[in-house]
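Quick notes on the structure that follows.
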Amino acid sequence: MHKIPVGVLGASGYAGRELCALVAGHPRLELAFAAARERRGERLRVAGRDVTFVGADEAPLGDAALVFSALPHGASAEWVGHARAAGAKVVDLSADLRPGNGAAHGAGKGSAGALDAGAPYGLPELTREAVRLASVVANPGCYPTATLLALLPLLARDLLAPDATIAVNAASGVTGAGFTPRHDLLFAEVSEDYRAYGVGNGHHHLAEMRAVLAGFGGAAASADLVFTPHLLPVARGILATIVVPVREAIADPAALWARHYAGEPFVEIADAPPSLREVVRRNVARIHVTTVRDTQRPTLLILAAIDNLVKGAAGQAVQNANLLLGIDETAGLLAGVR
Amino acid sequence: MHKIPVGVLGASGYAGRELCALVAGHPRLELAFAAARERRGERLRVAGRDVTFVGADEAPLGDAALVFSALPHGASAEWVGHARAAGAKVVDLSADLRPGNGAAHGAGKGSAGALDAGAPYGLPELTREAVRLASVVANPGCYPTATLLALLPLLARDLLAPDATIAVNAASGVTGAGFTPRHDLLFAEVSEDYRAYGVGNGHHHLAEMRAVLAGFGGAAASADLVFTPHLLPVARGILATIVVPVREAIADPAALWARHYAGEPFVEIADAPPSLREVVRRNVARIHVTTVRDTQRPTLLILAAIDNLVKGAAGQAVQNANLLLGIDETAGLLAGVR
Amino acid sequence: MHKIPVGVLGASGYAGRELCALVAGHPRLELAFAAARERRGERLRVAGRDVTFVGADEAPLGDAALVFSALPHGASAEWVGHARAAGAKVVDLSADLRPGNGAAHGAGKGSAGALDAGAPYGLPELTREAVRLASVVANPGCYPTATLLALLPLLARDLLAPDATIAVNAASGVTGAGFTPRHDLLFAEVSEDYRAYGVGNGHHHLAEMRAVLAGFGGAAASADLVFTPHLLPVARGILATIVVPVREAIADPAALWARHYAGEPFVEIADAPPSLREVVRRNVARIHVTTVRDTQRPTLLILAAIDNLVKGAAGQAVQNANLLLGIDETAGLLAGVR
Amino acid sequence: MHKIPVGVLGASGYAGRELCALVAGHPRLELAFAAARERRGERLRVAGRDVTFVGADEAPLGDAALVFSALPHGASAEWVGHARAAGAKVVDLSADLRPGNGAAHGAGKGSAGALDAGAPYGLPELTREAVRLASVVANPGCYPTATLLALLPLLARDLLAPDATIAVNAASGVTGAGFTPRHDLLFAEVSEDYRAYGVGNGHHHLAEMRAVLAGFGGAAASADLVFTPHLLPVARGILATIVVPVREAIADPAALWARHYAGEPFVEIADAPPSLREVVRRNVARIHVTTVRDTQRPTLLILAAIDNLVKGAAGQAVQNANLLLGIDETAGLLAGVR
């Protein structure tokens, strides 16, 4: 069967390389180009083949039916415009087009504003039909993916307690901080350590989550979301641990979550707390939900684990690309990443 | 100066070995015996000297002015009685005598019940004067130490919001699970992983925290405490991340915490989120507090980091022993553990 | 196409579980049973399906065309006999039938001795044709696999210097020490540590390597082999670092190694030192060879990396099973282990 | 007692920070300045106090009785000259003045050549008396420290076999590669990996070791030294694993090593293979030596563990400083680094 050519912008970072590997193993896609400005000419070994990076300016955007942009926040929106102008559909992995980020990224604002209207948020478990009809998709952030998939069954049923404070504690592996060398990401700094960052609602993923919550109206719109990310001494994986008061006691929350996600290929409802090992290199969110014992107000504890580079980035991007291109949503995503 | 003889029961576990090391480096204490039933006759190298374990039955309890019991929960209370009968003061590192654990440990109930009356909870920053007058102290659990030190300034001023849900997420290094070999503690199982356990308020430290909170009355007594511990791929350290709604906005929470702990030798108020590296091998709790931005209800984010084996176990036990013995509370604790 | 039923004895250990995963993903094999005495009745999740362990006594040996034995050294040979009596071919992953181990494992000696005659050493790159004709294969140890694949091009050409001392330093991930809980394998003991063990030629894999070397005669038979294994703080992977004096300078050793292994599907000659990441979860040995500079006697430095659980155990076992069963040697082995 | 002012150039790297910490805890030294060009104005927290970095050009060299230079190789020699001109003694932690490095560092050659005459190699266990009389000392590299301390008892007695090949395999923690951010030193690249580098005698520490060996004459001068360093996924520590043929069998090598190092405060002869944990944060080399079994030529296996930042860098530098300044060689070095 004919393979569909796709390109990757920002191919040398962690998400970009994961995209190249997923495309290399995809039954319906082939890599038209992999662009990485600073590493132009270097080769990357993915799935047993060599990929040579081109500069972004040399990337033959028009050769690709679809372009993944894994460029940095602020620098991506402009390239989304170039790719669209060249006739390619786009999955943008940056924050530039995501809800809640309009003001945050001044540099790309002009083009982003224009595109935003037509760029649905690419969380297929929430927005599948919009994605199918779109030309550009804003691929969700890693933390929002874990958090929102954990909360969707509540949000869809308006089960949050009025005036709820949703406490989201999340911990991410180091690849979530990117491939650009920094002192604080050196092995000798991260090993045997653990710390919070962006505390007190300082992380830029918060706006994205809040915008999605607001879209549900009801108690979700007035909830207080408190988001605290942490840096884990692991390479990959995110675990979100969420404490959320609910309107009334839910007899069997696990059954409710299972019903909500029935038929979803990439959500697993687990009967025990999920661990990073269970999700790493797989395009899944693995969720456990339980009622907290011995509280006066009915409260749920929800845990959601994903691989930040797969369901939290490149895997979800391929899932969105499959939808944009009208092929099987699971194509190239069931076998995991090598 | 004459050194005071102390003994260690349960000396071969992580907390027991840490106690031996702290005693070896203590200017006023010397090790009368180190008992470890299963490793009787084995030698431990601490602080440049060899310690030979004796069996618990052979431990010359009467030779010690004070006995540390690092025996397992349920097995400790009986030995507390033996040590008392032999005339020694006792710091019990097990949960047996801690508040909230009366029913939980049937085996030791009789003696524990009797002792409980006279065994204050040994969190010196809260109960210093009671400890000074006692003969037996219940050394706090590691998670409660971090959590309670984080919350004390609020509790003391009844600043919790009415009907508050206190969401305590905590992550601990693997030594917190003890030295007994288990499949799930093997390096190859823990490395590159992270997971919650005891979710939905299933951890036995919860009763201890609740009992202390109840003692404060007011909003603390009616708060919902939701405690979720996690296993970190590090050897040592606990970080507690706490989301707590407060009665009213607090203008400068860091200043309030600093005032509350002014003069405390083992509490540090940090102007940035604490990391495990900053506290490992030190008898300190390092706390950061900040107001959460953009919430409708005033909410604090409090982070507290300790070394689970030092301020969370052996170091705090020595701090309590110093108080029981009437010597400088900081003796042997400022230089860290080797 | 009809799938061939195979069974796994000792299925709950690291190699056993890897075997179950490889069989689950194999296009021509299916799992007839997975036996694990101590974990009878427990379920293992492999490749998206649940496997329930049976006790070894309940294992329907006769239902399997081939049995993998991942039982402990000393306990395996007896079960090899049982499986043979039931009509199954056998790949024995224990040391019981390996060359050089006759005397070492008294318990299984009787049967082992009998079988030994007909049990070739299953290093296909050396003994492929013998394996094809056999009913029982002795699957090599992990260290010998890395070491011998590194040395074979020299041995086959008698290029070792006379009276050579071959210094083999090897480092292995912790899964190499097995799944049985031990103090020294706990995360908190292994993390941030590194040490040698079995030093001074005390490791039982040495006899196996020596026996194979002796089979080559010439300088190999009289060489001094010095083998020093080390424990790495990683879960998987072995790197062997070998210093070996050669008879005469070799102009282009990389080319010689490439020629020797031309057409081998599971040996890669690398132009840079291999890293564990390049081989983990893959059934390959990745080898780099270079001439040592500035020495008076011509000397090679050879590095060989494998995954101890794949090419060093379960993957190689499947490779041998493929040969024993007359199917494609690479079947089920090109995609890696999930 | 009056404290002696010392300065640190290159204070922001791993060795520089370790020097600041050691000086802060030293009973006879105090920090006159800590210079770090790129981090000028930043504060470093060491031993409970804040140190503010000055630029190198601002460093009051003349205020220091002794200057430690932890500047990069090639950049250090010039500053050694400046410090000498200002009247300070110098311990140079760079390679610039070390034996064997004359040609390697062109930039500093002129001054280095001049100084070399008067700059003994600062391995006190070999050159203590020369250091006492010097004004400038070339502090040894980390790998040479471990390797040479392992070999000195052999070298001093000319016990190497004629035409010996000394195979030195060494593995180092990541701090050995410095604090400058690099892709290959990121946590996510190093964790769960292990690899050799500088293979085939490509590491610049080789010249240093060879120059010292040559100084012994005899078999040492004609031995082939093969040195292969590896990168370990740990923060600190070096283990050197050395295979060395000897002239004749040595009945009790451990006793010989113990005799050679009798009275040395910073060398420990261990009766089991040393682990990194035993030496980390301590200024010691821990050595184990054993005769290799079942070889035709008498061969020793020697293991030496050090902390690359302490006995391999900053600790040894303080040891040399103590000698240069005529104070107790062990001052500030027995308690370990915090």
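Labels A, B, C and D are assigned to the chains in the order they are written; within every chain, residues are numbered from 1.
As a convention for this text, a residue touches a chain if its C-beta (ideal position, glycine included) is under 8 Å from a C-beta of that chain, and two chains touch if they have at least 3 such contacts.
Treat the numbers as computed from the prediction; the structure is a model and nothing was measured.
Shared contact partners of subunit A and subunit D are B, C.
Greatest centre-to-centre distance from subunit B is found for C, with centres as Cα means. Mean C-alpha position of subunit B lies 39 Å from that of subunit D. Centre to centre, using the average C-alpha position, subunit B and subunit C are separated by 46 Å. Contacts with at least two other chains are made by residues 191-192, 233-236 of subunit B.
Residues 163, 165, 167, 169, 171, 191-197, 199-202, 206, 222, 224, 226, 228, 230, 232-237, 239, 241, 243, 245, 273-277, 280, 288, 290-297, 299, 301, 303, 305 of subunit B touch subunit A in their complex.
Subunit D meets subunit A in the complex at residues 14, 173-175, 179, 181-183, 185-192, 233-236. Of all residues in subunit B, only 191-192, 281, 335-336, 338 touch subunit D in the complex they form.
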